[in-house]
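You will see chain A twice below: alongside chain B first, and alongside chain C after that.
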Partner chain A sequence: MARRNYYDIDDILAGQERVPCVLRADLDGLGSAGSGGGTSKVQRNARWGLPYWMADRLNEEDYVDMEVSPVFSKRASRMYAASPESMQLRAICQHFYQFGLQLGDMVPEIPHVLRNMYVQRVYKVARIAQQGQNVEALDFVQSLDKTEARMLKLCQQAQSAISLWHKNQAYALKRAAVVAAAATAGAGS
Partner chain B sequence: MLGDEAFRLAKEAKDIAADHIPAYNEEQVRLVTQETRYLWTRIEEMIASLNTAVADQQRGGSSQTYPGSSQPYGLPNQQKQSQSQTANTQQSAAQAEIENTNAQTALYFLTLNRNKRCLLAYHHRRAQFLRSLLWTLHLASSMIPASLSLRLSSEEQSYARDYARLNSTYRDAIENQLCPSDSLNWTADGELPPRDLFIEVRVIKDCGEIVTENGVVNLQAGTQHYLHRSDVEHLVTIGYLEHVNPS
Partner chain C sequence: MAITTRQTEGFTMPELEYMAQHESITIVPLHRMDRIELVRGTVGPFRPPQKTTVPLWLAIMLKRTNRCRIVAPKWLSYEHLRDLCKREEQPDAMFTRLPTHYLEIAHMLLTYAEDDFVDTQAVRRLLQDLREVRQSKTHEGLRMLNSLQLQMDNLSAAEINEIRPLFRHSFDMLRQLDGLAEATEESQQQSQFADQSFAEMDDAFGSKYVH
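Entry: the complex of A and B
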């Protein structure tokens, strides 16, 4: 697996997704916010949903038993394969693809699931970006996860850039976005 | 949950867009660093206790390897057995304790690293935003709009100033070497290739007089001029002039 960028915010956010775990050792202070106490008792054999960044490493050391997240269970994968376009990815997991990539180390089938899903859905994303939004597309747009939503935005930007170019306005100089935002904020207040 | 505070910082870093930056969250940064320091002291404590526990166990273990030498000869066999049994349960309890402490040290250490990553990513992302902002503003840190500089910490403001200064020293050095008699346009927008040499601009804010190749031009608000693109490009980006499109 390719090394992930240490400073990648999306990667950090995706790592916060919870995975179900069974603790093999007492992990007191797990639930506390840190400096407050660290006295709360957490006994072994308890079930906890731990953030992936924590669960993965503790699993390596055998302090917890990590289970496959329900987002990528066998049953869910069959559902994804059946109708990729109708899945409500945003509701299932906001960082569906990023999180899937992180889990890919553990479950070798996940990359295939992700790939099938993405290839089928990205066509629709591109089509919506070209046709403009309509009521039918709205449902689908609301089901996009963060990666796909970014893709849609990029497609739409490219689309509007083409129409600007057709109108011979592509070479207009504009003031910087920050300055424009500051000016409108100043006018508003 | 451990690490939640740091996660909040990462989410805030995600909100940074090309034209917007949330205010520097000093409070949250302090919370995270505090938690991290606390975790570190706990880790040190736990490692110290682990070391003593392991040393204790080794002493206990060595005495057990030679039971005959430490036991008096006349002791009945049964008593000997029960003694070693209690020793065994004691030892397994100690073993479990060590394991727990091990697990907890690992947990705290992971959280510590996670906090560090979130903190660094937060500041890295903000610095990145500052640099790209400076480049669009033609590397003049004084041009940062007031509404934005309010949201920067004092360290970030001095970073912007130092970055601009360092950059101008570097540019001067390069220009001296390559073309001592000419100056280069460093901040030209590479993604937008120039098409016309001359452009029509309308003045939005008074800029006074500027000197161009063809003489002095007085840029008064409301007037319109046909000028060399490279002469006024920077004034358009900072919003003093407006590019009027030939349509």
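Entry: the complex of A and C
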């Protein structure tokens, strides 16, 4: 488990993704914790979808058996390796890369697949930022997850900053009003 | 003091312009002046029509009050820029050598000292072309991104600032992903090692332990 930042909001949100688990023990009175709800008695070998942060700890205490989430199953990782650019990451998992970082040691191919995917998609993001958004890119832009969307916004801001400055529309560094007032007051007295 | 998002990701363009104004430039002063001692150096006596070297901020200030004429730096001429453009456009060329703050200096000179240049429209167009070629090259360099090192020589300050947020976040993410890949490989190797029996390990380490 590679938990990077305790205080990072994106890590917290990424850990919220649900993971299928098999219960190992009878848990009375906790039936409403799973995605079913209602009954308060839960049998062994019931299947539940728990958030990753919960499932990981319970897995270590042997209350549940955590299984790999369908986001990173073998079939899914083969799909990611085949065509990284056409995957709809926003639909699959909004914090795709962070979730992959947390879940990474469960499935061995995941880090390499994620890495190639990231490099290819970020290259496309940078190209879209440079050329300005056009209609064909709209589908791709809508399929980005949170990290990539933030990257796109940063790139666009950097580009527009230079072009605005070139047209003399950026702000100008001027003397502060306080300093100017003090100077005139000093000169007058 | 409140800081905008732009300022946390690197320098802003006006800040880079401010820093570029320390570069030296040659001027022809129009009035006599004695030596002035400033914090960052001495600005030597002005004896027109002798040329002197002053910091750019002073040159701009004098130009705006009509007290000097600015001599264009050697790299800001039409011919030199055209040669540079040709060299950049050759395939697989590295970035050409340009002053670190060339964008800012060119912008300021072309805004405030237009009458001291021969052909400003052509120079502006050439600068734009040069910038576009270099931009597409940095874009290709993005493909070579890895978590250890990326070397791009001769990028100017403004261009580095432009790609700083993208490259910084990509480096971070790649470093984390690569770290995860190494950790999973190590744990796999360790579990393979643990499967070996003790007898095999003795054979591997030689017969030192046999008595």
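In this text, the second predicted complex is superposed on the first by the 153 of 189 C-alpha atoms of A that agree within 3 Å, B and C clash if a C-alpha of one lies under 4 Å from a C-alpha of the other, contacts with A are read in each partner's own complex, and residues count from 1 in each chain.
By our rule, a contact is a pair of C-beta atoms (placed from the backbone, for glycine too) under 8 Å apart; a residue touches a chain by one contact, two chains touch by 3 or more.
Note that this is a predicted model, so its numbers are computed, not measured.
When the two complexes are overlaid on their common chain A, residue A:90 makes contact with neither chain B nor chain C. In the superposition on chain A, A:111 makes contact with chain C only, while chain B stays out of contact range. In the superposed model, A:57 lies in contact with chain B only, and not with chain C.
By the document's definition of touching, neither partner reaches A:124: not chain B, not chain C. Legend: residue contacts after superposition of the two complexes on their common chain; A:173 is shown touching both chain B and chain C.
Contacts of chain A with chain B, set against its contacts with chain C after fitting on chain A, overlap at residues 168, 171-173. Chain C contributes residues 5-6, 9-10, 12-15, 17-18, 107, 111, 135, 139, 142-143, 145, 158, 161-166, 169-170, 173-174, 176-181, 183-184, 187-188 to its touches with chain A in the complex.
Looking at the complex, you find that chain B touches chain A at residues 1-5, 7, 10-11, 13-14, 18-20, 34-35, 38-39, 42, 99-100, 102-104, 106-108, 110-111, 114, 117-118, 120-121, 124-125, 133, 136-137, 145-148, 192-196, 199, 229, 233, 236-239, 242-243, 245-247. Those residues of chain A whose C-beta lies close enough to touch chain C in the complex are 2, 4, 97, 100-101, 104-105, 108, 110-112, 114-115, 118-119, 122-123, 126-127, 130, 147, 150-151, 154-155, 157-159, 161-162, 164-166, 168, 170-173. Interface residues of chain A facing chain B in the complex, by the touch rule stated above, are 6-10, 12-13, 16, 24-35, 38, 51, 53-54, 57-58, 61, 63, 167-169, 171-183, 185-186.
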